[in-house]
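Structures follow.
In what follows, subunit A forms one complex with subunit B and a second complex with subunit C.
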Partner chain A sequence: MGGEFDPRRHVLVPKHEILSEEEVKEILARYRIKPSQLPWIKSSDPVVKAIGANPGDILKITRESPTAGKAVVYRYVVKG
Partner chain B sequence: MRPPRAIESIHFTLLSPDDIRRISVTRIVTADTYDEDGFPIERGLMDRRLGVVDPGLRCKTCGSGPRDCPGHFGHIELARPVVHVNYVEPIFDLLRSTCRKCGRILLSEEVATKFREEMEGKKSWWEVSDKVLQSVSKVDKCPHCGEKQLEIKFEKPFTFLEGKNRLTPQDIRARLERIPTEDSTLLGVSPEIRPEWMVLTVLLVPPVTVRPSITLETGVRSEDDLTHKLVDIIRINQRLAENIEAGAPHLIVEDLWELLQYHVATYFSNEISGVPPARHRSGRVLRTLSQRLKGKEGRFRGNLSGKRVDFSARAVVSPDPCLKLDEVGVPEQVARVLTVRTRVTSFNIEEMREYVRRGPKVHPGANWVISPDGKRYDLRYADREELAKNLEPGYVVERHLQNGDVVLFNRQPSLHRMSIMAHKVRVMPGRTFRLNLCVCPLYNADFDGDEMNLHVPQSEEAQVEAKVLMAVQNQIISPRFGGPIIGGVQDHITGVYLLTRRGTLLTKEQAHQLLIEAGVTASLPQPAVVRGGKEYWTGKQIFSQLLPKGLNITYRAKICAGCSKCMKEECEKDAYVVVRDGELIHGVIDAHGYKALDKCELLDEMVREYGEEVTAEFLNKVTRLSIAAARMLGFTTSIDDEDIPPITKERIEEALEKARKRVEQLIEIYNRGELEPLPGRSLRETLEMRIMEVLAEVRDKAGEIAEKHLSLANPAVIMARTGARGSMLNLTQMAACVGQQSVRGERLSRGYVGRVLPHFKPGDLGAEARGFVSSSYKEGLRPIEFFFHAMGGREGLVDTAVRTAQSGYMQRRLINALQDLRVEYDGTVRDDRGRIVQFLYGEDGVDPMRADNGKPVNVSKIVRKIIGVVEED
Partner chain C sequence: MVGVAAETIKAEVRKLDGRVPESVVKEVESLLLKVSKKKAITHEQLQRVLDATVKSYLASLVEPGEAVGTIAAQSIGEPGTQMTLRTFHYAGVAELNVTLGLPRLIEILDTRRTPSAALMTVYLERPYAENKEKARALAQEIEMTTVEDVISQMEMDLINMQLVLSLNRSRLRQKELTPSKVAEIVSSELGSKTKVVLDETKLRIKTEGGSLSELRRLATKVRKIRLRGIKDVTKVVVKREGNEYVIYTEGSNLAGVFRIPGVDKRRTTTNNIREIEEVLGIEAARNAIISEMMETLKEQGLEVDIRHIMLVADIMTANGEVRQIGRHGVSGEKASVLARAAFEITLKHLLDACLKGEEDKLEGVVENIITGNPIPLGTGAVRLAMQGGNIGRE
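Then we have the complex of A and B:
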C-alpha cells in the first residue's frame, strides 16, 4: 500500500470545514439550539480525522443536492 | 378519584421474598375458589381480601366496593424453590463465573478492582459485564479459595448441570446466596438486587381485579386463565409439601418438584420453546402473563396504542353518481343512532325543541337531553313534550345526525392521509354508505363488498378542524407529487371522449338535456352548425360550458400517437388540446384531461388558477355530464369487439410460425456449439435471452397486425386508447396472441426432469415446451397452454400477497421511526427533543403539495402568463 489516502480527494466526499467560534455562535443563535441538538459526526470519521477536527467542533458541510442544487448542513463532532 | 399526575420515572426491579410477603395481604393455601353458595373461600384464590369484582360485595382489605377497590396482592409459599424462567440466562452467567464453593467471582482481586473502576460512573455497565464474562470463561480454579471449578451446562428451558450432576433450584439458590454483592454487580446485577431472588421461594398472586371471573347467562362461573394457572400451581405445591412431609421417596418428590417448576414457568410465559404449552380443559392454550402484554393484541399494541371509539359506524359502501364529491350517503337507520351534542342557545332553541319533541324514533330527532346540572334524560322514556317546554339555553341536546353534518369517512388500510377524509352527511334511505365515484381511487374502494367506517366529531372545535383540514376538496392535490389525484374514473373518461370528439353534433333538445343533467342552467351559445334549418351544437361547445372563463391550456391528449412531426391543431386524431378563455377549441378530453391518478392537465391548471372549490364543482358536473353523454350517444362493449377477420388471423399464424422456426434455428445453432455468447453470459443464458427476444417480438408483431383492425371506432379500443380502462396489450392478448408465460422473469422450466410437463421430450427447449402461449384468450387456450398460464398467474398472486405483507411491515417501522418529526417554523425538520434532522426541509424547503411537478416554480408557465403568449414551445 502506498501513502495514506485523503478522503477529501474522493469525488463523493463533500466539502467539510471547521467553523470558527463566531460562526458557531451565529449558527447556534440562528437555530436557537445547543450544539448537542445538531446531528452528530464521530471523531473517528475519516474526513473528521483528515481535517483535524476535535470533539466539540462544529463542521460545515457543503454538498450537492438533487432538490436545491447546493445544500449546507452542520455536524457536531463527538467522541467515538 | 385522585387527580392524575405526570409520571416522573419508572424503575424496574426484582421483588425479594420479603418484599412479596410485605405487599401480600394474605397467604393463599387452598386451590378452591368458591364454596357451594358461591361465596369466595377464605385463603383461596378469590379471597375477599384480594379485592372484589362482583357488585354488592365489599373488599375486606380496603372496605370499598368493586368500582373503587384497586385490588390487593396475595402470595403463595412454595414448598421448594423454582427458577424464574425469564431469569435463566443471568442465572447461568452468575453460576459460570463464580466459585462453586466460596461464591467469589473467578477473578483475582486486582483484575476485579480494575473492572470495578471501569464500571464506576458509567450509565450502562453491560459492556463491562460482557467483558468480565469473557475473561472469566477460561478460569478453572478459584483464585480466592483454590477450589477446582467444574463446567456448568445449561439445558433449555430450565435445567442446569454441573458435570453429570443436576443442580436443583435449591442448590442454585444456595450458590447465588454465597455471591457477594460487589461480585454480582460486576456481572451486571444491580447492587440493590440479590441474585438469589431470581430463584423463587414465594410467588406473588395478582389481585382478582387482574383476573376477574365471568358469569355466563346460565349462571355457570368461568374463571380467568391466570386463575386456572394459579390453581394448578397451588395443587402441585400442596402435593409436593405433603409428600415431603410424609417422607416420600426421592423420585416422587423430584417429579412433583419438576412439575411445580413447569407450572410456575408457564404461569409467566406460555410460549417457552421446548416446553409444551399449558392447556385449558378444552384443549385451548392458556393466555398467561407474558401473552397478555405481547404482540398485536397485547396490552401495549392492542389496548394502550389502539383504542375503540364511540360515535362511529361501519357499513358496506355502494356508489351514487348523484352525490356531490364531498358528500357521503348515510342510511337513516344509522343517522338515528349517531348523535351530535348540540348546546341550546337562544338562536337554535326552537329547532332543538322540535328535535326533542320528535324523539329518538323519527329521523331528525334527538336521543338524549342533558340539563345544565348534568342530569341525563333518555328521550325513549322521558316526557318529551314537557322536556321540550322546559328547554332553555345551557341545555345540551344529543340530536340525530343530519344533512350537512361533518363526519370523517375512512377505509382500511389507512395507508395515506387521504384514507380518512371529512365528508358532509346526506341522510338517505337504504342500508349502505353511499359515496361519489371520484373518491374511490383515494380510498382504494370498490363495491364488491367493501366496508367503510364513519366517525362523528362531537365538539365544534373538532368539527371545524375536520372541515378545514380534512375536507375532500382539500385533498384534490396530492401531497406526494403536487398534482391532482381526484378525478374521473372509467366511464367518466369514455363519456367525455364521446362527447368532445370530432363529429359529435347535438340537437337543441339533446344539448339542453345534457346540460341540465350536469346541473348547468346557462343558456346555449351560438350553434356551431345550421343544417337544413336545424341548429346543431358540437360536444366541445357543451363541454366548454363547464369550464371557468379565462382558462387557457394547451396539451397533448392520451390518444396522441407521438407522431414524429406533430400536426398541432390539424392533428387527425384530434389529440392536440387547446383551451382558450374557457372554450375547448381543439382536441378531445380523455385521461390526460381529468382522470384520477393520471396526468390531469386540465384539473391541474384549474386547481392552481381557480382553487379547490371550483375544481370540485367542475368534477361534480363533468362526471354527471359524461355519464349522460355516454348514455345519450350510446356506448357498449362485448367480446366481438376483439373479432379479427380470417385473413388477419392467417397473417398472425404466419408470424407465429416464423418465430417458431427461428427459435428452432437458434436451438440448432446452440446444439452445434456455434452460438456466440453475449458478453458476461453463458451460452445457455445467451440462448434463453435470444429466444425470449424472438418470442416477445412476435407477440408484439401479432398485436400490431391485430391492431390494424382495432380502430377508434371500436368501443374496447376507445376505452384502452383514452385511458378509461384496459390497455392495448390486454386487447391484443384477447384478439391475437397471449404470449410467453414466465416465472421469475424466465421461461418456464421447472416440473419434471428436463421438461415442464410429460407431454414433451426431456430437454426440449422449443417455444411450446417452455410456456409460449400462441392462442388468444378469445380463441381459448389449449390444455397445456392453460396449465402454463396458470403457472405464470400463480406467481402474480404470490407476489401480491408477499408484497402487501412486506410493505405493511416496512410502513409500520417507518412510522415508528418518523412519527415525531415535524417541520418547524424556521424550516428545519426536528424530532421530539428539538434535535435537528434536516436543516431545511428536503434541502430546498419546498412543500411538494404546493410545488409544480416537483419544482418550486414553473418559470415558463409564469412567463407565458405574464407576456400573454399562450403558445407552447
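Then we have the complex of A and C:
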C-alpha cells in the first residue's frame, strides 16, 4: 500500500478545484460579495491538503446534485 | 416543412447550459429527441420549446426574500411527529444494532461525536469481494479482539500479588493467535514495570508495587488490551450484497479501516458524520448528512423534499466544520444578541452581550419581532431608497 489514501477518490467527495485570480475576480463581481461571505472550508480539510490550497484561495466545487444534475458552489479557504 | 436534425436539436439545447441546470437540459434534450423521431420538429417549434423551458424554469425558482429556512423546518418537523420514538431496532438480516427514526434524526442534527450505534459499511476490493472465505478472513482482521475475548478466567493471586490469566485455546485458535503472541503484546502494552510470564496457557502478570488496589487497576487495564483488529470495531458481519461480499461493522473507525489492504477505500463509509469530516472533508460530510437524513426519513416511510435537507446540510457545513443545529451550533452562533437570547438561556446571552458591549443591528427576523418592526422577509426584504435631490420635482 503506497502512502495515504487520497480523499478525492472517495465517492462522497465532489470535485474541488482552486480558482485562478481572474476567475476569483469574476465570481466575486458576479455575486457582488467579499470572499468571506462565501461558505468556508478549513485549510486543515483533508481535500484542501490534497490539492494544496492555501488560506485565501477560493475553491470551485462541482457537486453531483440530485435536483440540478451538476451544481457548482464555491468555498473560501480559511485557516483552521 | 422539413424538421430539424437530431444534431441541431442537441446543439440548440446545449445552448441552455448555464441558464438552466444540467438535469433540465438533459430532460428537455431526451424528450425532444424522442418526439422528433415520431414527428418532425420545425426550427421555430424548437425555439419555442426552449424559450418556454427557460421561462418555466425561472418561474419555478424560489423568490428572493422567501423564508426557506422556516419552510424547511416545517417540512422536516411535521413528518418528524410521525416517526417512531423507540431508539433501537434490529435491522433484519444483518443482526446489527441500528438507531432509527426520530432518535437517529436528532443524532444527525446534533452531530454527536459518537453516534449511539456507530456503523461502518466496508466494501472490499476484487479478490476479497468475490470470495466468502477471503472476506471472512479480512473481517477477522478488522474486528477488535481484546484480552477479555480470549481468556476463560482471570484470577487475582493475593499471595504472590499477581494476576493469573487462563487463556482459552479454542478461542485463541479462532482469532488466529498464540499464547506467546498474546504474552508478547500484553507485556509490550504494559511496559517494563510489569513482568509477564507465560506458563503453558497461564499468563502471570506481576507488578513492582504490588498493592491490592494497584492489582485491581491492572486487571481492568489488562482486560481491555487490544490484541488485534481495529480500535472501536466491536462486531463484524459479512453479508452478500448483490454480487459481492460486504462487511458491516458495529463501532466505527474509518481511518483505521482505510489502513487495511483489500478494503475498497473509495466506497467504504460510516454513519459517524464527524469521522467523515475528519477523514474525507467537509464536502463529504455534507453529502453524508443529506444521505443519512434522507435514509432515516425514507425508512420510516416519510418523504421530504431533498431540497430542504440540502439546505440544512449547507447551513450545518457553512463555516468549514460540521455544526449542530442548536445551542452549541447554528442557533448559538447567530449574529444577533436578541435572537440568541430568544432561543435558549436568555439571561446568559443578555449578560454576556452587556459585558462585551455587543451591538444588535436588527437585521434578522426574531430581533425585529421582539422590537416590533417589520421583518426582513418577503416584501419586507426590500427597502426604499431615494435620492434626496429629487424630492418635490416632477
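Note that in this section the second predicted complex is superposed on the first by the 78 of 80 C-alpha atoms of A that agree within 3 Å, B and C clash if a C-alpha of one lies under 4 Å from a C-alpha of the other, contacts with A are read in each partner's own complex, and residues count from 1 in each chain.
Keep this in mind: a contact is a pair of C-beta atoms (placed from the backbone, for glycine too) under 8 Å apart; a residue touches a chain by one contact, two chains touch by 3 or more.
None of the values given here were measured: they were computed from a predicted structure.
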Looking at A:31, would you say it contacts subunit B, subunit C, both, or neither? Reply first, second, both or neither. first
First (subunit B), second (subunit C), both or neither: which does A:48 touch? second
After lining up the shared chain so the two structures overlap, which partner does A:58 touch, if you call subunit B first and subunit C second: first, second, both or neither? neither
In the superposed model, which partner reaches more residues of subunit A, subunit B or subunit C? C
Determine, under the contact definition given at the top, whether A:71 touches first (subunit B), second (subunit C), both, or neither. both
On the A-aligned overlay, A:14 touches which partner chain: subunit B = first, subunit C = second, or both, or neither? second
Kindly classify A:39 by the partners it touches after superposition: subunit B alone (first), subunit C alone (second), both, or neither? both
Of all the subunit A residues, which ones make contact with subunit B and with subunit C? 39, 65, 67-68, 71
In their shared complex, subunit A is touched by residues of subunit B numbered 826, 828, 830, 833-840, 842-846
What residues of subunit A sit close enough to touch subunit B in their complex? 31, 33, 36-39, 65, 67-68, 71-74
Of all residues in subunit C, those that touch subunit A in their complex: 21-26, 258-259, 261, 265-267, 269, 276, 278-284, 287-288, 306-307, 310, 314, 317-321
Would you pull the subunit A residues touching subunit C in the complex into a rising list? 1, 5, 7, 9-14, 16, 39-42, 45-48, 61, 63, 65-71, 75, 78, 80
